[in-house]
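The first chain written gets the first letter, and so on, giving A, B, C and D; residue counts start at 1 in each chain.
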Amino acid sequence: MSDQSTEIVEITGHLMDSGILSRVLNDIREYGGDHVVERFDLGHNSGDTSYARILVTADDEDALQRMLMRLQTRGVNMVHPGEVTISEADTDGVFPDGFYSTTNLETRVRLGGHWLTVANPEMDCGLIIEQHSGPARAYTLPMSDVKAGMQVVCSASGVKVTTPIPAGGVEQEVFGFMESDVSSEKPQTLLVRQVADGIREAKAAHKRVLWVGGPGVVHTGAAPAMVAMVEAGYVDVLFAGNALATHDIESSLYGTSLGVDLAMGRGVEHGHEHHIRAINTIRKAGSITAAVEQGVLTGGIMHAMVTQGKDFVLVGSVRDDGPLPDVYTDVIEGQRAMLAGLEDVGFCLMVATMLHSVATGNILPASVPLVCVDINPATVTKLADRGSSQARGIVTDVGLFLEQLAMELLPTYQRQR
Amino acid sequence: MSDQSTEIVEITGHLMDSGILSRVLNDIREYGGDHVVERFDLGHNSGDTSYARILVTADDEDALQRMLMRLQTRGVNMVHPGEVTISEADTDGVFPDGFYSTTNLETRVRLGGHWLTVANPEMDCGLIIEQHSGPARAYTLPMSDVKAGMQVVCSASGVKVTTPIPAGGVEQEVFGFMESDVSSEKPQTLLVRQVADGIREAKAAHKRVLWVGGPGVVHTGAAPAMVAMVEAGYVDVLFAGNALATHDIESSLYGTSLGVDLAMGRGVEHGHEHHIRAINTIRKAGSITAAVEQGVLTGGIMHAMVTQGKDFVLVGSVRDDGPLPDVYTDVIEGQRAMLAGLEDVGFCLMVATMLHSVATGNILPASVPLVCVDINPATVTKLADRGSSQARGIVTDVGLFLEQLAMELLPTYQRQR
Amino acid sequence: MSDQSTEIVEITGHLMDSGILSRVLNDIREYGGDHVVERFDLGHNSGDTSYARILVTADDEDALQRMLMRLQTRGVNMVHPGEVTISEADTDGVFPDGFYSTTNLETRVRLGGHWLTVANPEMDCGLIIEQHSGPARAYTLPMSDVKAGMQVVCSASGVKVTTPIPAGGVEQEVFGFMESDVSSEKPQTLLVRQVADGIREAKAAHKRVLWVGGPGVVHTGAAPAMVAMVEAGYVDVLFAGNALATHDIESSLYGTSLGVDLAMGRGVEHGHEHHIRAINTIRKAGSITAAVEQGVLTGGIMHAMVTQGKDFVLVGSVRDDGPLPDVYTDVIEGQRAMLAGLEDVGFCLMVATMLHSVATGNILPASVPLVCVDINPATVTKLADRGSSQARGIVTDVGLFLEQLAMELLPTYQRQR
Amino acid sequence: MSDQSTEIVEITGHLMDSGILSRVLNDIREYGGDHVVERFDLGHNSGDTSYARILVTADDEDALQRMLMRLQTRGVNMVHPGEVTISEADTDGVFPDGFYSTTNLETRVRLGGHWLTVANPEMDCGLIIEQHSGPARAYTLPMSDVKAGMQVVCSASGVKVTTPIPAGGVEQEVFGFMESDVSSEKPQTLLVRQVADGIREAKAAHKRVLWVGGPGVVHTGAAPAMVAMVEAGYVDVLFAGNALATHDIESSLYGTSLGVDLAMGRGVEHGHEHHIRAINTIRKAGSITAAVEQGVLTGGIMHAMVTQGKDFVLVGSVRDDGPLPDVYTDVIEGQRAMLAGLEDVGFCLMVATMLHSVATGNILPASVPLVCVDINPATVTKLADRGSSQARGIVTDVGLFLEQLAMELLPTYQRQR
């Protein structure tokens, strides 16, 4: 139709191998648009990158702009991006109509003829421009943090994203084989070693290693292995909820005194009185750190994090009892604390938690390698569906995996007997 | 040993059929105790209740008290309960040591020679006694709400619980067949009818019907069926998170305009821009209700809840985008709002959400019939593990289940074509 | 290296949308080969097919031939296929070295300058050429059926396959939306209608509808719905094991007499005496058909198949009790019977069985539309992994699905009450 | 009613702890009967066994007899068993009406005033009495093996079963904690050690260790660990299907030559040409043993079984390609071979296979300790549902589990690098 809106976009990368181009074309269809591939240069040799230039059409300008934003999550940019369009937010916590919705890819905006790199790429945020004083600055901001008067990028024009190209680095060599799918039928001992390599590379590059964990770490008996890795410096930051910390603390406080302990192999039901009592004990002490200092808490994962001076961010959920005094009960404040904890993170290992894994995936830049370990394939699938395209999944038993990871990372680690 | 502590306890009910006695004996072992069955009267005929009197032993008084509290979650009471022991809380948000940890069973406390019924039984709370002015009053209170100076029941003495005995009522007739296990191999159309009967009985008794739902309700295409049930008065209260409401609203706002709609059967990935834009639109309107009043939101489940004047409580989680302005971002405040929403609830249907189902299970009295529908057996198992022993599970497809439920409840309901 | 072997191959189709090219390139790498894309014509408009010509390299001729066979499972052919190479089998049940391993795609072989169409395309077979008497003939043959002296195609030369191109037909319109993934989050009522459309189209084209079923059909209470569809002519052939037939027959024989019946909603454990007694009863009658004729079996799915004169093939497994006299206890003979049952099949619906679904997928030509319904996502994934690329998966409750399918296909069908 | 049939039955054991009595009462209800508990002696102290005497009623004698047979699967016997009733089979492969359907418990029959012990207890069989020549003999026989003229026990009278009472032995100490449920939340390294203890105890008692395995053993990279355990004598018999052996052999034959090998961590799809070619190679050699002797097969699990002179029984299924020449294609013959392989088995470990695990469970006496390891909880649940009440389940990653088991059993075992 004569009144349709069009734009020419381009994408470079391993378009064929990764199946990315088929997703791009699907996106266009899903947004009710159409396409003509104007040019396609397929890398002749394996390893070469490919290039595609596509004319996309949408019913109107609004639809086109939204399709362009969607395509950017795949790494597709306009050939002629122009300059950013900016609107002022007129209400706290609300973006202007047509705001640019961010990706977790490295992003630049074109302003006054110059390209400006966007600080802390994060999904589903707005893009704020600050130019009142000093040099112009661009950064992502969650919807709830926007204030009236802020300058917000609207429409996709003037925005460019860059997909991380695995240059024979960690991505390609370490996790290349896991590219296509989530599977429980993989040689697991090999995967263990490759995660260890990823962690060692991050440490060698003076980056921090982020762990995101669920209570399954404690239930599967992996706490001693994790403690050993904390003490050896392989856990710099821990994101978790009330459950992991409570079960860990409960296990330290009542593990031996009661005879119900995990060392006897007895299963422990949820909702029983130990865990609520453990929480009360820490609340009485004031905080986890205070409980360690007062000699109340003398072992376990949280104790190790405190004594090693490592950071942890615990964010609550609606099903929590207590919670522990260290837990953020306001989830938006919790998200801010997690965001602050991402600094210098060079590797992320997610273990046995869907809720906190997805939450971390939302804020983690696509440039940080990310491995998700769970016995439930749905956790990994969910993560990738939410946009964490760099996520590599390992479907395995968390307890045995962490045990083996400790043996791999720590030559002197003796497994529990 | 001479310094052990002992107590005589008793339990009445369908001890054999339900397997409850075996769980009681397991609990005693788990808490490091021992037992001698002093008397056991097994109901001679099927249908008769049984009675057991057991001498329990623990290493010391503390261990005994905690075992007794644990046993009360099974409906086991002391033969000579004595009077309650009360301590004063000396810090806000912290119970005194040895506080009584509540069950979700009907509870009474013995004070000054009289039995006092505890208001709103809820799991994992403390038991507060108020007797300063007027008649004495006992009620449960979550740990985070306790204030310094409150009178808190400590130890198990003076506390008595009553398990709901299914007297040929809803429990027995409607859900009797699901007693033993969670299974996907059941005649599903029969289950649909029995849930409908449970809902109709609650309405006939002038009770409210509580729904707890996850985004799967929208993804499986069941929103029209649910809207029809809201309009017919079968949904009095809705507990959910940001996701159900956002997906529902997004589907209403962009369902047709974009051609990506569910009516075309296209799957929609998470993390895309529609949902963040839908949230922004509602934030701009001020609230879901405001959006309905302004004519911004004109269809879907949330619209139906608003136009029918029904209550909903949305509680956020750390993975939320936005969130919608109606969402409680503080999970403890959210729990309080849910608790307030439980008034007069006579039936609870949980659909496609583990997080909010467990959260609701935590605060729901054991006397309210509870059915949990999910395609994932783990959700139902988790619920029962957490102590919601009245939970009945149906492992099935949520979309088809709600479609059939609407046909069962609403003779004129035409299924979607 | 100078001694490497090379070949030029080509492929036509929706290369980008379907992600097929990325799988082809992966295959080449997996077989240790390399590639140069010599030409790539991407369909300019959406809907256009694409064309790729690729130079592939392998370490030696053997590796090359095997890679070429592998690529043919994707629809990739040699540009210059040459003539077929034929070797004679010298042992019964053993193919000559380097035999061509077949795909389930439409296949032709070039012999004496002419193209010969291969009869009954089936996966993982050998390709036999008969030219001793009359015109030359080519057909697939399972390994166990080959006889010494047969002429067997070796290497990939002279063989050409054709992928079914969804020409706006069933594939595209009916199941297009399910292309990318297996999901439980789809609008299920829509899927029901689309399966019904697929079945109706097959019947309209005078093709037969094949059902492959597991015992879950009976356990979920869907037998009455299936019986109605059998009677209405929508089930022409049934492939199943001992379990579906036994549970169905047991339900008919003892359903009412015992009071344990499904109508009461009671779950029935496996391994109990009813089912072994039901099998004995049919063995006494001589066969299922005999039991129907003698008035021993008067209801259920198998009864309906017999009275409607429909075909069924029951193939046993190592876990079977009995088995029923109609069950093939030799699995290779069972495979032959299933193969014979495929004639004129134009649509295949697989319900609640992994074993028989995979077995059917092995022998079903890629040109037959195939829908697999199971509450377990793994069944569908497994099917696609095994090479049934045309498989479309629906993860849902089998009982409710068949109930809805009956309502969709049979306007007068009254659902069970 | 006056014409009802009654019988007095009794049961001894840990009736409360195990929940067995509640299952017995459920059975009575399911069979449409009623009960009066005439006497109940509960063990006073924990550890004591209990005793119950129950009057059961059924509508008629037939219903009663069948209920009594059902109750025997729980270990419930008649107080006055009387003598066995015997009928002659009049058709090959068919039992007389009312035949006694066996359990897998130790069984005795009363004949001519004497108790006769039944050889090889196996589920769902008939009970044959031989007394024509020499002393009378009783044994179980599958339905398909019965011949006309054989003497078959009918009704439950004269039959007594004995449940294995865990006398502080393997059951209690090793697997006691797993009694109640299947769970993925257990301390896994502890479970590994306990399985190792069970295997060592069986070897110490000069019993054989039976492994039942699926292809996941190979896919998860556990083949080297299993080979080490075969070589160390911890695998005496292996039951498997075509898939485990084929994948193992394929991995040995093509693992290195192709570069697609598992050592590189690449996933391998099913249905590809390697596996069909591997099968052809072994068929050409004549058998797996012949392939080892000819130097064709030089590594892997099957190679180790052959060189160590261990037994293996491979039974086919309808989805098999080939199959390997050693595979029983007739499932009934396969069952007979498996039955013969059970001699002297004192421990059974099932790994990553539902089909062959259930098949083995069908024929394994209840007295043999049985552990089932699978990443899929459904496998373990299915096994228990089918009547293998002694089954203990471990839900974990098979690859890491076998790796750890090898380390536990073999002090010098070096894990793969």
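Quick note on the criterion: a residue touches a chain if its C-beta (ideal position, glycine included) is under 8 Å from a C-beta of that chain, and two chains touch if they have at least 3 such contacts.
Fair warning: this is a prediction, and the values are worked out from it, not measured in the lab.
Each of B-D and A-D has its own count of C-beta contacts, and the greater count is at A-D. Ranking every chain by how far its Cα centroid lies from the centroid of chain B, the top place goes to C. Here the CA centre of chain B is 40 Å from the CA centre of chain D. One simple way to say how far apart two chains are is to compare their mean CA positions; for chain A and chain D this gives 45 Å. In chain B, the residues that reach two or more other chains under the touch definition are 180, 266.
Chain D makes touch with chain C in their complex at residues 30-32, 63, 66, 69-70, 73, 91, 93-95, 97, 99, 101, 123-124, 142-144, 241, 258-260, 266, 268-273, 276-277, 279-280, 283-284, 315-323, 325, 329-335, 338, 355-356, 358-359, 362, 376, 378, 382, 385-387. Only residues 177, 180-181, 183-194, 216, 219-221, 262-267, 375, 395-397, 399-401, 403-404, 407, 415-417 of chain D touch chain A when the two sit together in their complex.
On the chain D side of its complex with chain B, the touching residues are 16-19, 21-22, 25-26, 28-29, 34-38, 40, 42-46, 52, 180.
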